[in-house]
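As written, the chains take the letters A, B, C and D, and residue 1 is the first residue of each chain.
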Amino acid sequence: MEIGLSHYLILSGLLFAIGIYGILTRRNAIALLMCVELMLNAVNINLVAINRFLQPDWRIMTGQIFAAFVIVLAAAEACVGFALVIAIYRNLNRINVDEINLLKW
Amino acid sequence: MEGLGQWLYDHLLSLILWTPVVGALFILFTHRENVRQIRFWAHVFTFLPLAFSVYLWIAFNPPQMEMQFVETYDWIPVLGIRYKLGVDGLSMPLVVLTALLTFVSVVYSPTAIRVREKEYYALFLLLETGLVGTFMALDFVLFYVFWEVSLVPMYFLIGIWGGPQREYAAIKFFLYTLVGSVAMLLSILILYFHSEPRTFGMTELIEQQPLEGKGILQVLAFLGFYLAFAIKVPVFPFHTWLPDAHVEAPTAGSVLLAGILLKMGTYGFVRISLPLLPEGSQVFWAPMGVLGLINIIYGSLVAMAQDDLKKLVAYSSIGHMGFVMLGIAAAAMDGRSFTDPVLRDYKVIALNGATFQMIAHGLMTGAMFLLVGVIYERAHHRDINRFGGLWSQMVVYGSLFSFFSMGELGLPGLAGFWGEFLAVLGAFQLFAWAGLAVIGIVITAAYFLWTVQRMFLGEPKEAHSNYPDMNLQEHISLWPLAVLTFLAGVYPKGLLTIIQPAMESAVEKMTKVLGGG
Amino acid sequence: MTFKDLFILLLGPELWLTFLGFFLFTLDLIFPRAPKKVFGLLTLLAFVGGLVLVAAQVLSPDLADEVRQAAQENRLGYWLVTTFSLDGLATFSKGAIFIGAILIALVTVDYVEKNLREGIPEFYGLMVFSVLALCFMVSSVELITLFLAIEFASISSYILAAYLRGDPKSSEAAMKYFLVGATTTAAGLYGMSLIYAGTGTTYLYEMTAQFMPQLGETGVAFSPPLPVLIGLLMMLATLGFKVAMVPFHGWCPDAYEGAPTPITAFLSVASKIAGMATLMRVFASGFGPLSAGWVPILAFLSLVTMTFGNLAALWQTNVKRLMAYSSISQVGYLLIGVAAFSPSDFQTLLGMSTFQGSEMALPGIFYFLLGYAFANMGAFAVIIWVENWEGATDRESFEGLAQRSPVAAALLTLSFLSLIGIPPLAGFFGKFFLFGAALSRGLGWLAIAGVVNSVISAFYYLEVVRRMYFFPPRRPERVSTSLMVSSAAVLGVVGAFAIGILTEPAYQWAMAAFFDVVFAPNISFR
Amino acid sequence: MGEVIAFYILALIIVLGALAVVTGRNLFHCGLSLAAVLLAVAGLFILNGAEFLAWVQVLIYVGAVLVIILYAIMLSENITGERILLISQNRGVGFAAATLVFALIAFLGISLSGLLAGHTSSVKDPVLALLEGADSNVIVFGTLLLTRYILPFEFASVFLVIALIGALVIARTAE
């Protein structure tokens, strides 16, 4: 039995779908942030696997580079997300997004 | 001097068109407290276009069938959109009428308008440009631009200086007209995309007949234009905006609404729908005729039931515009009538009547609304039943009111007669049921006479014993209309020689397409 | 030309923005007591300078040749120009973005003085950097650069939206904005990975080159392979989020209402221009030959977006929120142009058939964007004008404005008339071109939906106009403002007028941009 | 065979961990499960020959991102003074959407590997000349980053600085 691209794609699809499930069901901002991280990891699995299986020359590692930039993005997003959580706390003292409803959701 | 005269002659239409905008700018840069100066500029910059347009009338060459005083400049060459102006026997009288009515409205306005005058006069001048431009434009995009430009100032005129229900009336007017114009926009675009070479020029498109034989597409394009024009006219059942707008608008606004804005619709039918989309017009000639008749009879019946003088005049407009629509329907009637030269002549007669009626109605209804304004300024109500015996109090007013009432009901010898007579005569020869229009004429006569009786005859009432007769401004604004109504009545030929070639040309263009069938 | 020259020529406006942005940060460190207005003026300088540099790029006649030359001689230069393109699409959008940014900077100074207590230098610095990000966005022709730019722009917007520290609405709006943004980003990235799987490259024009042969002589559009189509649609989540397209619009009303008003203006003008330009870059340029796959979807989304935006706007009582829904509906109109794209546009540009000026679809979008930017900026400048005085943006604050400040009322009315589409303002011609494009491409139903929506939109715009003109003023005193805000409003409206009347040059410029949408790679790659 | 076993073990960790993240009631535990997922993903990277990326994943993701998240959890619990209990809403909708997405991608995944034999670029990439003789993942990675991806690389550095400054500005306490 061989592990092929399909395996990786299905695994990443599963991870992505779980992330979406989390996005739709969770109400806590930090938890939502974690779900986004799950989705981003699904993307990275995809990119690395595609790079490996579809690019004959291993030195052209577009997918891996792409994935590295996605990690950079995840770091920046986490940073800003955290800052926003603190800002919301200071203003409202609550963190569940359905509890903050000054504006219609 | 020679050069200047020639230059004036070459740019006559642009001058008439843009002078009011210059005036609006002058007013915008005048301080709002300086009312005298604002009024002065308004008078000057409505008089100038009037003077220019009188010159236009004199310099106009009636027998020529083509457009005159044409000015063409490229505007958006990549799409073939041009700044193209021109007038013929159909549009020239309407341009003059617009200039005249705007001027008399401005002369009349100081007695009625006392607040926010700076905005008022600026908008009024802007409105004039929109109206004049609509009649002059020979490029569809330009036409559409002016069509919409005339909409915005009127919205504010009704909404700010109107009666108690003004906001409702203003928004209703705006939205109704906007619905029509966007439908027209789509039709214009359809025409453009079927033209070869691509053009928005009206005369070029009429020459090309891009939708000839295109069946359903021609019908759709026709319906797009129809919606726009029918709402403006207004044809039953699109008329519901009109009573609101007319009743709520300030007097001068009503004058322009009834005198000019309604004509934009009928002008569109004669200028665009008939020659450009003859097959589409032909499909709908009977509904147009029937709706015209409904307009005449329904308008008159409803007018008879009114106690509010302004509403009465408003509904009488619906009735009178029905005659125009009847004439247009006659011109649009189907193929057989195009092959027979006699019937074709009746088409021309009907169209002559329709166009004559546009002018006559503009003069007389404009005057009627001014007269309503005159009495309203004194009594602060318009309930006919609360007046009575006014004649003894206001002799000149009573005489003028009766004079215009006679004109409205179509007394031979006054302007109103010829339009209705020719339109019904022409239409009757083509389809006999047009004769039902006579019912409308009778009802109209009845309610106008009844109104005169209720307001002016009988015992003078205590409540209005101290009403002064008309003041100077009211005299200046009303007498020109009275004189012209009389002149057009006793010497209709003066107007008809101008109109006739344009109508012949329209029928000829339709015949070229439909004559074979 | 050396690499350095190329670098400066190609990235001139971006380098200038980076320099000034960091300069703003350091200036605050060195002179903590510097008057805050200085930062505002420096920001204005940054944007004006950017516009000048873009103009220099557009006007220098043989820049393209020089760039091509240098890129072929110099390896680093080569990699520079293959990720960062200086084509008509990029320069046009940058020009429009800078124009919008200048007007925004003008209205920001007063607003900041009135409403912000701290972090003012950073506020301006972040504004400069968001514009930088937008410039990158419209120039990237490679997916990695593109997504970084999009994220940069989004993240700085989240921060700017959260800037009203005392106002819980602001942080809440930013939080919602952030969560929707992060989710759509993840989806978009997943889509990009699928596109990468389907094409093996991240360069947009390599994708075009792959699909072109299939388009062939016939010019009939074909559907993309399934992974690419799905990837494209997932990418649409990110781009749709940026331009606030239904169904990715959820953040828009909240963010517009909660954010500081200049940032609202920024989101609705600069951000939207960049988003639309990128959308066109990806769909029309990268995947143009595949239009059979995405055109029906975009046509449908266009219908939904404009209808939803307009219907929802009818119920709004806060003018900022109303502008949010109105901007959603404007995106719907813009999408008509994208949906009216056809591969024949592609072919005309490749010289396979002759170009007709009447091919209005893509130039129409650019023209519409420009007109929309001016009119919207005029409107927002007046909203800030009123907000600075009244402290609120609900409809009641606008009552009787015509008598308290006739100029403000007139300017707002004209902006709204342009947004409704009344000629001769720019908004009319924008719609005219887009509806025309739809009609000429057999999307008559979309054109009809467009005009029906225009009429609906008149309701809510006129509701505000009604309150300004027909209502008595709530308070007698006049509403005055600084020269900067009023000149921004005047510039916005004059701009809307000017490109309405001078349609030809604006349309020509838009057409030049259109030519280069398809010719994305500005150097020969082979 | 070794790869097969490793893949399935890592996949199991990923899926179970992810499920724990989206269903757990204790936020702190969710964070720890996320750490497990991230580490397992790093394992997958190694499996795919992306050693350098795996290190990046461990250092940045687990080292930095996760720490921020855990810090956020503890800080917020500290501010409110109560343990945050997570609730899940709209489970049905979430489940349906997730299933739909998964089905779509899984279908793609199965069909895709047949559809695409491999990528052959028509472009003669000049970067290949530089990579002549390069034998380690790190060298290639670094070379690519500083040649072909020089612009995104520089851009990302500005991006990170600004994100940090921005985060500081909104998070700092009022003076």
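Throughout what follows, contacts are C-beta pairs under 8 Å (C-beta built on N, C-alpha and C of every residue); 3 or more make two chains touch, one makes a residue touch a chain.
Owing to the predicted nature of the structure, the values given are computational and were not obtained by experimental measurement.
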Exercise for review: Could you let me know which interface, B-C or A-C, is made of more C-beta pairs in contact?
Suggested key: A-C
Check your understanding: Could you state the distance in Å from the CA-based centre of chain B to that of chain D?
Key -> 71
Practice item. Determine the centre-to-centre distance between chain A and chain B, using the mean Cα coordinates as centres, and give it in whole Å. Key: 66
Check your understanding: In whole angstrom, what separates the CA-based centres of chain A and chain C?
Key -> 27
Practice item. For chain B and chain C, let me know how many angstrom lie between their CA-based centres, rounded off. Key: 44
Practice item. Would you please write down the residue numbers of chain B that are in contact with two or more other chains? Key: none
Point to revise | Multi-partner residues of chain D (each touching 2 or more other chains) | key: 104, 108, 112, 116, 118-121, 127, 149, 152, 156, 159, 163, 166-167, 170
Review point. Going by the touch rule set out above, which residues of chain C reach two or more other chains?
Key: 144, 148, 151, 155, 158-159, 162, 165, 171, 174, 194, 197, 200-201
**Study point:** Overall pattern in which the protein chains touch one another (line/ring/star/complete/other)
**Key:** other
Check your understanding: What does chain A use to touch chain C in their complex?
Key -> 16, 19, 23, 29, 32-33, 36, 39-40, 42-43, 46-47, 50, 54-55, 62-63, 65-66, 69-70, 72-73, 76-77, 80-81, 83-85, 87-88, 90-92, 97, 100, 102-105
Check your understanding: Which positions of chain A touch chain D when the two form their complex?
Key -> 1-28, 30-31, 33-35, 37-38, 41, 44-45, 48-49, 51-61, 64-65, 67-69, 71-72, 74-76, 78-87, 89-90, 93-95, 98
Practice item. Quick one: which bits of chain C touch chain D in the complex? Just the residue numbers, please. Key: 18, 25, 75-76, 78-80, 83-84, 117-119, 122-123, 125-126, 129, 132-133, 136, 142, 144-145, 148-149, 151-152, 155-156, 158-159, 162-163, 165, 171, 174, 194, 197-201, 203, 206, 209-210, 225-227, 230, 525-526
**Study point:** In the complex with chain B, residue positions of chain C that touch it
**Key:** 356-358, 360, 402-403, 406, 417, 420, 422-424, 428, 432, 435-436, 439-440, 444, 447-448, 451-452, 454-455, 458-459, 462, 466, 469-470, 503-504, 507-508, 511
Review point. Which residues of chain D touch chain C in the complex?
Key: 104, 108, 111-112, 115-116, 118-124, 126-127, 147-152, 155-156, 158-159, 162-163, 165-167, 169-170, 174-175
